[in-house]
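Have a look at the structure that comes next, please.
For clarity, chains are labelled A, B, C and D in written order, and residue numbers in each chain start from 1.
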Amino acid sequence: MAKPLNIGMIGYGFMGRAHSNAYCTVSNFFDLEYEPVLKAACARSEEKVKDFADNWGYQSIETDWRKLIARDDIDVIDICTPNNLHREIALAAAAAGKMILCEKPLAMDAAEGEEMCEAVEKAGVANMVWYNYRRVPAVTLAKQLIDEGRLGRIFHYRSNFLQDWTISDDLPQGGAALWRLDAEAAGSGVTGDLLAHCIDTAIWLNGAVKDVSAMTETFIKERMHNLTGKVEPVNIDDACAFLAHFNNDSLAIFESTRYARGHKALYTLEINGEHASIAWDLHDLHRLSYFDHRDDSIVRGWRSVHVTDGDMPYMDKWWVPGLQIGYEHSFVHHVADFIEGVASGTPAGPTFRDALETQKVCDAVLKSAASRQWENV
Amino acid sequence: MAKPLNIGMIGYGFMGRAHSNAYCTVSNFFDLEYEPVLKAACARSEEKVKDFADNWGYQSIETDWRKLIARDDIDVIDICTPNNLHREIALAAAAAGKMILCEKPLAMDAAEGEEMCEAVEKAGVANMVWYNYRRVPAVTLAKQLIDEGRLGRIFHYRSNFLQDWTISDDLPQGGAALWRLDAEAAGSGVTGDLLAHCIDTAIWLNGAVKDVSAMTETFIKERMHNLTGKVEPVNIDDACAFLAHFNNDSLAIFESTRYARGHKALYTLEINGEHASIAWDLHDLHRLSYFDHRDDSIVRGWRSVHVTDGDMPYMDKWWVPGLQIGYEHSFVHHVADFIEGVASGTPAGPTFRDALETQKVCDAVLKSAASRQWENV
Amino acid sequence: MAKPLNIGMIGYGFMGRAHSNAYCTVSNFFDLEYEPVLKAACARSEEKVKDFADNWGYQSIETDWRKLIARDDIDVIDICTPNNLHREIALAAAAAGKMILCEKPLAMDAAEGEEMCEAVEKAGVANMVWYNYRRVPAVTLAKQLIDEGRLGRIFHYRSNFLQDWTISDDLPQGGAALWRLDAEAAGSGVTGDLLAHCIDTAIWLNGAVKDVSAMTETFIKERMHNLTGKVEPVNIDDACAFLAHFNNDSLAIFESTRYARGHKALYTLEINGEHASIAWDLHDLHRLSYFDHRDDSIVRGWRSVHVTDGDMPYMDKWWVPGLQIGYEHSFVHHVADFIEGVASGTPAGPTFRDALETQKVCDAVLKSAASRQWENV
Amino acid sequence: MAKPLNIGMIGYGFMGRAHSNAYCTVSNFFDLEYEPVLKAACARSEEKVKDFADNWGYQSIETDWRKLIARDDIDVIDICTPNNLHREIALAAAAAGKMILCEKPLAMDAAEGEEMCEAVEKAGVANMVWYNYRRVPAVTLAKQLIDEGRLGRIFHYRSNFLQDWTISDDLPQGGAALWRLDAEAAGSGVTGDLLAHCIDTAIWLNGAVKDVSAMTETFIKERMHNLTGKVEPVNIDDACAFLAHFNNDSLAIFESTRYARGHKALYTLEINGEHASIAWDLHDLHRLSYFDHRDDSIVRGWRSVHVTDGDMPYMDKWWVPGLQIGYEHSFVHHVADFIEGVASGTPAGPTFRDALETQKVCDAVLKSAASRQWENV
């Protein structure tokens, strides 16, 4: 019989929903030592958090996150706030001995991130950052194939995260719904929001990044601000692209934008190795493309692997071959692995410390875009 | 506040899991008048049903379905047994005034199906059959496009359901796991299991089928039987293909097999109309292919519509554009629509009566395969 | 130094162009014992055949095909006329001892075809029918893979040829441009024009066809006739689909239509074997899809083989890996193989006798559509 | 009746074949004022050039390009030599008043290119560089769509040219077959060979490039040299990637490598505009992907346009809808447009002057890779 793991959720937005669904679902499909219990939801607006709690079955609500952290009946603090609150909440939660699941990116910058790492390490509390795409089965399978040595020496890595939802001039910035366009709340634009995902996966699959040369752009310079009611300068990056070297001497290009007409959430990655290559994208997340040069030459080609079989990562928990799962399942896997990490004592990544590496790359990228120089990570 | 809708589940296999997940999930994403409550699970094996109930949170168990039906605290009987039990359970449930959600195909044949229809209609109980693929958003969108008249006169319909999991001689037949290979339990092979899905969708999208010419094949003639322990003749159809005319004078070809190497669960459909065509397949279920001849000729081509936007069927309930859902969500939509049907008094399809039409086509297909004649439906 | 092979071309339409291009090109890319020489072009209209001859560099023209056949300086008669003239010309050409390259289908029916076979065999002249798709490199590669035994026992064959160019009511029938819609000139509609291609390839890849059950349809019943100037009944089949068994006990479905909106010339084929499957289509003719169940399960998937490498059929003659060839190259390969057959004494297929098998299947298909019975081939 | 245009070809390698085929073919499909005549082929090796001339039907040979240029019966000099000879030959040919068709890249660097431009402009001779990919019909269609304003303001351009043929350590460098790996002959590696294509198309479609930040890499540092017989340093770039701004303020990333396992000749491009986006790649060169945000939202998606219809660029000259052409046809179109330019007096691009712009970008890219700075073009 699974033991309860009491969750205290801070935030009720898109990620609040995705995480809550994962907590509700994980025990129906995974056999784990702990079962998440939706103990409390917390947000400043009592009305909104009450609706959220009712919908998902949270047993109680709080409107002050400090009170939530102070409660004895909470094991895990899940931070789903805008980025500018991560540090303060995480430091308090660590001080209170709570496990912490923090939305990505870890912090506003690497300095904040370092502080947070030190706090959770000093407190000795379990910690993890929601870079969920590692746990899309096709991406996890890519990791497995690389770790098995199937690709050989890596020459190239390329990764994009392309969206098109901010092209209109009429879109405002700021406030609950659009804090990602507000540099005060988000820290950066696509770099922290989207490229951070690309970088996390890249480091996981291909090791540390050495240096970068970046460019950023803000296509629409001013937008109405939801908090001030005035037209204000837009301070986030609408688009960012950078060149990089990894420590293993492979080359990389990364690009993200919210101005790529036709792409809703097209996170792509491709890795070219001496013997084999791998490609994946989020719009068909249940497929992995794989090319193996060692195949017989007359039948050699990119294979479209439908990652739905029981011997593929996580897929023994779900349906039968051919039946695909979706976006939200990556969060379920995230929770399952977190719980296994807690149970086994071997923490699942990315920990705060792992996520700090991504933060450092983001910082170098933004610095390079400003300096127009190559910057070391 | 949603009112409880007490579910009594009979069966604990693959479909038991899919339905249970739908009951658990639907209220988190849909705002409905009733909320499913997992009241009781029922199966002959006490140990197995107990495990199942524990996993999913059913409040009680039964080992005799007649007892389940007799309980006052059950509103809905969900029939997830092998096909040869559908009729008996449904008749009893109707007589007891229970709503019924029955797995497909409705019955072993149309005669049984007719009896079941009469029973639920006489009892006046809500009833529905789990032809879940209607509620994959891309398929529902296809229905919407057809109903809007975008395709014009329909010329052609083609639909396949291709699998490859029974190719090995070593695979036995029968028993809990493999009853689909046992004609006693399943009635037929791919015809009732897979083509029934194709036919249900086809009737829904394109109207009634007039006549058919079919062929069936059993490639592996004998298999060890799990119930008898002996090698026994295989009496199901491993493969079935048929030609058909619809009442609207369009032509159709349908094919299903479990011997199509490389296809796990490749349900495909394509409709060619005067102005536009539509295609879809289950291996990328979140995409709809659409061709519109009225487009400017120099930019005319098949469009790959990523069915993840909020203005597409059901998708306002889930995530954001670009983030795909999976197989299991079709069951969630099925439950949501069933509940809306109960609440509104306008039943959601396919009702038993709707599903009887599919049964009649299946009967005509099997008859034609035996007679080597065209048979009217 | 290659010896001349003097070509006498009858017809100047689409196929006249495709064949002429092949004759002009083949010696630049293939090292052959004979080099085609464009000796004479023949058609009833002096003006049209003169333009054609000037364009392609034919050295002379004729307006009576009997005169062409009578000429001593012609080695090969290439029959590019409407189908209803194939027999008469071929019989005369054979009697005159000419080699014959005949457009497909071989004849108006199998009886005519049998007569033609006997004529060329009695005369001992080289003969071949332009079923060019066998020599699309990806299709030739499919043949090689099957002959190597990679697929194992074959279970299923499916093949379509879908077009959409006759949907409009306004399209007339008959005359030079539209003789394919005129049953007098064409014999049948899609069956002889399009399905004949599918059947030729199928027999080549999978052996003889045993029996068929077919349906045909003429969607637009009357069209203005270019020859009579009146609205006349349409006597060809606009669409045809049939079920079949091969002699090797595999099952097949074939379909062709000119009413499949969105498909211009979509010839598709797929073969499912015990170990492996193959798929191909004409819209991306330089790719072969290949699935091998013997691959490691975690990286198993359909491979998209880009058939452009030097070790793939014919491709050592063209460019470098990655650079695709087109439709017309299949005719160049056809000529190259015909010449090699003449030089070596081992005739390249399909000979008239081979093509007669396809004719017999077409006859059975049309007979079955009329009788609504299964018909043996 | 077309007037002769006498061609003098220098070189007999891959491009010599591709151009010769274009000269042989163009008049069969295009109605032009001039018809190319294969007057003379020239190369240092008499044996090799004789074989080449025999194969293609060149009327004569030369072994000294200066003699070829001196001949009165030559109208056009076609330069298919390694890059380090372009300048010298072009200057001489211009001085002799010959029209010049020069292989790409124009020169070893922009200084050479400027000299060449001045020479042809001073001489007033027709001149063009073989950036053939502009004339793949799908790419030409992209240009048309952009010029029609369908995309609106451009935000992003991305283009790759990925190959994998030099991954092996065993591959030597230099000599007739492998001069592209020898910096003495080629000037640079993938930058001049492959990225030059990407840049030419990009400038044509999206205007001038402003500045770049680049990185290059030579993965295999030493290779046996075919000319010296010794292991020598490799001085070309195996891979190159760069960021760029266009003058229209759009952002770009470009990448090329010969170490991308699985990609034979994957030239890709994508352009994202305010209203619409376009994508294309060389592995399926007959397709253009097009996304138009102005489509009805529920049927909005990337369209796969099969560029084979008669109203699409160049395609009225070839076959019928659905029948694709190949790589070599881009050269046929190139010749056709060159001849039309000569006939009309409006030169077809890219002229030497146009190609110089690409050279300047290449120079800036290589300079930036060395300086690790952004460099202006």
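We take it that a contact is a pair of C-beta atoms (placed from the backbone, for glycine too) under 8 Å apart; a residue touches a chain by one contact, two chains touch by 3 or more.
Not measured: the values here are computed from a predicted model.
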Maximum centroid distance from subunit D, chain identifier (CA atoms): B
Interface with more contacting C-beta pairs, comparing C-D to A-C: C-D
Centroid spacing, where centroids are CA-atom means, of subunit A and subunit D in whole angstrom: 42
Separation of subunit C from subunit D, taking each centre as the mean of its C-alpha atoms, in whole Å: 36
Whole-Å gap between the CA centroids of subunit A and subunit C: 55
Two or more partner chains touched - positions in subunit D: 263, 287, 302, 306, 309
Of subunit A, residues touching subunit B in the complex: 14, 18, 20-21, 24-25, 27-28, 55-56, 163, 165, 263-266, 282-287, 306, 308-309, 318-329
Residues on subunit B engaged by subunit D in the complex (per definition of touch): 141, 144-145, 150, 287-288, 290, 292, 295, 297-306, 309, 311-312
Of all residues in subunit B, those that touch subunit C in their complex: 155-156, 158, 162, 164, 167, 213-215, 217, 219, 239, 241-243, 245, 251, 253, 255, 257, 259-263, 272-277, 291, 293, 302, 372-374
